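Just below is one structure, and these are the notes that go with it.
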Amino acid sequence: MIRIAMLGSGFIGRFYADSIQGQRSKDKIVSIYARKEHNAKKFADDYGCEHYTSNMEDAIAHPDVDVVCIALPNNVHEEAVMLCCKHKKAVVTTKPLGRNGAEALRMLKAVEEAGIFNGYLEDLVYTPKFLKAYESVKNGALGKILWAKSRETHPGPHSDWFWNIELAGGGCILDLGCHCIEITRSFIGKDIKPAEVMCWADTQVKPIEAEDHAIGLIKYENGAIGQFEVSWTFRGGMDLRDEVMGTEGTIWINNFLRTGMEMFTTGKGADYVAEKAESNTGWLFPVGDEVNDLGYNHMFTEMFRCVENGTQPKETFYDGYVVNAVIDAAYKSAKSKLWEPIKLEVWRGLEGVSKASNLVDYDADNYLVKEEMTHYGAKKLILKNKHTGKIEERILE
Amino acid sequence: MIRIAMLGSGFIGRFYADSIQGQRSKDKIVSIYARKEHNAKKFADDYGCEHYTSNMEDAIAHPDVDVVCIALPNNVHEEAVMLCCKHKKAVVTTKPLGRNGAEALRMLKAVEEAGIFNGYLEDLVYTPKFLKAYESVKNGALGKILWAKSRETHPGPHSDWFWNIELAGGGCILDLGCHCIEITRSFIGKDIKPAEVMCWADTQVKPIEAEDHAIGLIKYENGAIGQFEVSWTFRGGMDLRDEVMGTEGTIWINNFLRTGMEMFTTGKGADYVAEKAESNTGWLFPVGDEVNDLGYNHMFTEMFRCVENGTQPKETFYDGYVVNAVIDAAYKSAKSKLWEPIKLEVWRGLEGVSKASNLVDYDADNYLVKEEMTHYGAKKLILKNKHTGKIEERILE
Amino acid sequence: MIRIAMLGSGFIGRFYADSIQGQRSKDKIVSIYARKEHNAKKFADDYGCEHYTSNMEDAIAHPDVDVVCIALPNNVHEEAVMLCCKHKKAVVTTKPLGRNGAEALRMLKAVEEAGIFNGYLEDLVYTPKFLKAYESVKNGALGKILWAKSRETHPGPHSDWFWNIELAGGGCILDLGCHCIEITRSFIGKDIKPAEVMCWADTQVKPIEAEDHAIGLIKYENGAIGQFEVSWTFRGGMDLRDEVMGTEGTIWINNFLRTGMEMFTTGKGADYVAEKAESNTGWLFPVGDEVNDLGYNHMFTEMFRCVENGTQPKETFYDGYVVNAVIDAAYKSAKSKLWEPIKLEVWRGLEGVSKASNLVDYDADNYLVKEEMTHYGAKKLILKNKHTGKIEERILE
Amino acid sequence: MIRIAMLGSGFIGRFYADSIQGQRSKDKIVSIYARKEHNAKKFADDYGCEHYTSNMEDAIAHPDVDVVCIALPNNVHEEAVMLCCKHKKAVVTTKPLGRNGAEALRMLKAVEEAGIFNGYLEDLVYTPKFLKAYESVKNGALGKILWAKSRETHPGPHSDWFWNIELAGGGCILDLGCHCIEITRSFIGKDIKPAEVMCWADTQVKPIEAEDHAIGLIKYENGAIGQFEVSWTFRGGMDLRDEVMGTEGTIWINNFLRTGMEMFTTGKGADYVAEKAESNTGWLFPVGDEVNDLGYNHMFTEMFRCVENGTQPKETFYDGYVVNAVIDAAYKSAKSKLWEPIKLEVWRGLEGVSKASNLVDYDADNYLVKEEMTHYGAKKLILKNKHTGKIEERILE
């Protein structure tokens, strides 16, 4: 049994609580901190917490607390982490880790120096579909990974602080891109160093200083490409899709808007209230079990097992730091319009990996360019002579 | 915390165990019974059970056991239930409850006489998508329900006993139709009496005595129609779909083969082993989190909460009995080729509900038949005069 | 070049004209008949017809006319066909052929006696998807066909006469079921005799005498089952889907609501007018090329080629008659609640086909019930002993 | 009636011929040129051409020929176009127009100087889905267009010359990107000047000099972004998808792999041969009517109508030139790693368009950032004060 202090009683704190205390859980939130006491009290009532407070340190230091779960705005992560270090409490924190690489690095160093358990709550690498896809990729079903794309777009976040660049640290790249970067990095291989980033970003619609739409390409040392597409201007709900291309296969994941559940309603039916503001009549696409489908259940299961076993979870502050470093380079690129190198003061993966050859031998003298079955049932080959470089068509009957 | 005796160490017993002990559960399987001791031991090792046995009564009577979970072939359900009655243990059992209505009724009466908790493990009314859809239906988003269809087809069950009509009690109607009947009955309203059944069934492909393909229509007292489509001859995986039509809307659910996850593999990638025998190369459609998506998690959560709170779960032996009674009528109809009345010795819902009128008034003199927006932007109405019965087109500009 | 007289200037007449004179066509509508002269004139203006009239016989007898195309309400088909016979003009007619089998049979006999070309405009067996699927079925990709289902449901037809049982001859079974019956019959084999029908039909919502919702099963002599699901009460657009199950495969076709085109609109965009009245904001699912996707182009191409070549098209009045005979049995069954035999005074396919065996030999002594790859990579077989009838599991490693 | 000389008897020439002479066409291919006479003869036999030749000029100059259709490898386009100019024949040419902007510009100038009809056969802006989507965009259903993406990836082209950078002029950017660029440009507005390009390109898998995978971003003067994703290394078939985001809506188009037709086959069915080499068993996704669905029918319809009417088609050599200029910049960017300006010596659209403001007023003092319906039915607003810049949450109950 894990006893948790939840910092933050808002949208994400409640999502975490629904996951942690949902179903037949042995874990429990024993303390809740919110800036405003009445919010803390409300949360405590809803989730049966024994202790609530508007003093962050009180929640962290509470003697019953094993693990601190940070569900606060980005600008308060560092303060909260430092208090966990001070009180030697295991800490898990929502994404992104910091508002930038420097903040993230300070947090990383602090928790490691303090020797405390640290987990990075990147839920989207714990969705059931990601986990299944990842296993296939690891087992080689797709061959070598060439490209991985993740897209997260919706009509904008719920709370005011997201829209304030000072508090949030950035716009949709920081809010949504952090997910996409870790998803694509995981498919490509977390040992492979992300080398440089090219990013376009713009404020196309919203009256804000930060970007509301961005697209980025991340080049890895082995030649693979990660891609993110993020926006706060998308209309139609929350679009959450991943795509992976390998030499031997393809994966397409739709996590939200097209998951096999479709509803049409005229809206005349009695007192129905729709769950998304974008539309509540016509064709709607609800998700069955949001808490599970967004990865929260599998994420906390792994985190808390690791706390109990004294092992490291799949996602730590180190990963949060790498993601922040990639985002820093993306922001720089959006301004400089150049491919910007990713600066990783701390890097724990492979070094100096070079681009692999994926050439396929046809025979001693030829590479296979392509083979294809013709309409009339013969096999058509396109070959390249290794010596002359000549391309040739050959029909096998 | 609930301590469980699992009866049966096969396919379904392991699915249940994965759900009950998966993630951060406080519940535990403390005893496992299997016909063959080495199977019981293997299960005990895999799931950390303290006690294993090849004597069913020993598992049930074990002093640590709070709840008995029956995961046995159909022909042994009754024996197991009677032992639970004898030892006054709460019991939950896999579907179908009995091989026929008479068996089911005896079990229903026995558990109620014994005064023990009884739960019917119809997982498919606990899938996340069903739960979400059901809530919308209850809130009126679809208006009045006119028709509900459930389809479950696949290439046939895993274990030998299913194919033996004596042990199983029937073919795909009993194995798969029990799901479909309870799903559609739930959408239409569990208080509404199922009145009669028309069923076609045949053994089209397999060398067995039972049916391997069947389609049935269930007429309810309020005029709504339930439909099941079941088969053991389907090629392409497991097709698990529900559809609901109401006066104000539509729901389509795909629980398995098209859920937003798609993978293509040439099969040349190293040591990949596919999860379904139907194909392991080309386009594959894995499910993210089978245990959750098939409803096991939400089902056991409700069952065990009810055990703790002393309340009745949504699905009890009574529901299992109603389903068996519908199936009995379906088998009778498949032979007689007639609509067969459903005989319910025990019925606890509404009596004598008649068909509701869904007519829509347009004005004092006319019913609205249809309205539609024309290409040129005017509203076109089709009306029926209440007095003369005349149908008339009217254009509103 | 074919010169056409179009009878009827309404919804379906215009659809036909769009197909016949769309794109780079060499064919031409030279005469148009409508009950009201101003409608005929309007059509003539829109499609460049030289001759228009409110006298049906004038259009048919017009010396420039090669082929008469009947696009009239059901109750006028027979009169129009008889005039074509009188003037020895080739005739193609919209579906259904007659309001019942007797009408259809009279028309069939008349055109054959008159020796004129006759085509039955069942467009849905000419859709591009049907044609492609049908070719695969014919080539054996699905093995032997066990079941074919076709579903057509929408919120009701456009014109007043459809809602009048006297003019239309019936409700959604006649209007929509005629499509479904010919689609499923084509997949099962047009040589195979449809033997009997079981049909449920009801007037669930609309203030009409005819049925607004029906489901039917058609048993063929070879044991295959055709199924239709039709309704005028469906909400959400036009649902047009076919499914086929064979011993070796499956086909799923979606002709309308999910064809790979998805649009979300808030409705705030300037002067957008939606094409379907069910909803014009939120998620919409337009069809790319309705005239082609509903089969009109391929249908008229075949019809007119056959007229030129003096050959018989795939769909003739004979097929229209068979469909009407099936519908007659369906209506009878809906009342009698019995499986009703299909009465075919004229039948030109195979006689006395019996149910084929689909048993698969495993070896001399056993039938194969099922084979499946286990999680651990071994092949699991379920066999049935031919002599003892015993079912047995066997693992091949 | 249009009489055509087809230059090229290969894959694309036959596709064009199937479209031009398919169904009830009044147009005719009267002359066919192929490099090898036996190929020309074979084509003439298959399509009923009166004249065949291995001398290109003979086909073009043939007195019966009204329009020349170029279906030749990229390196021969210019020669063929110049001969059309010499003989004053109307010319339509397959994509891309040239191997680069310089070639394209020479062809553009030549046809305009010669005063001949010129059409650019970009079929993918004539697909039924594109045409429908484009109409909605034009009518304002999506508001202002912010981003348009087009993706075309498959396992590589059929003929040897594509793989030879000298003959083809490039790799998948030239082969596939030309489609994507014109699609996205059309959605954004063909009057809006494409300003600069950032492109990543690599040869990841194939033994060739040209790129086999590329991603590009095209910035337009009004701030909109076009995106292309192209590859010859994709596994799973041909992936052909477009996505558009506007301030008021979204469009998703799937042109090929998921169009509402799905087939599973074990492959045991008799003599079935699948149409795509990537897989011929398991789940397959055929397209109903390739010739129509890829846009050929609507394209030739417009082209030939314009020839007859003496008007300009939607796609001319000028458009082909713009596309080539964008591709030139993309290739330059892939090498320089910079955003490269697009050099348009000829530009006929708007000049100096600046980025539009999409800000939404809430009231005199505030911009609306976002509105959303809360779980409890109240409207939540996020506003930005126009004067102070402060972001504020407001709940309307």
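Should a chain be cited, it is by its letter among A, B, C and D, assigned in written order, with residues numbered from 1 in that chain.
In the analysis below, a residue touches a chain if its C-beta (ideal position, glycine included) is under 8 Å from a C-beta of that chain, and two chains touch if they have at least 3 such contacts.
Note that the structure is a prediction, hence the values are computed from the model and not measured.
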| item | value |
| --- | --- |
| Distance in touch steps, counted as few as possible, from chain A out to chain C | 1 |
| Homomeric contact chain A-chain B: same or different residue positions, threshold half | same |
| Contact-richer chain pair [B-C vs B-D] | B-C |
| Rounded Å distance between chain A and chain B, as computed from the means of their C-alpha atoms | 35 |
| Geometric centre distance via CA averages, chain C-chain B, whole Å | 33 |
| Chain B and chain D, separation of their C-alpha mean positions in angstrom | 49 |
| Contacts with two or more other chains, residues of chain D listed in rising order | 235-236, 246, 248-250, 264-266, 273 |
| For the chain C and chain D complex, residues of the former touching the latter | 1-2, 20, 22-27, 127-129, 131-133, 136, 139-143, 246, 248-255, 258-273, 286-289, 292-293, 297-298, 300-301, 304 |
| Footprint of chain A on chain C - complex, ascending | 235-237, 264-266, 278-279, 281-285 |
| Interface residues, chain A side, partner chain D - complex | 146-147, 153, 155-156, 158-160, 163-164, 198, 200, 202, 204-208, 213, 215, 217, 219, 223, 225, 227, 231, 233-236, 245-250, 273-277, 280, 337-339, 358-359, 367, 369-373, 375, 377, 380, 382, 384, 391-393 |
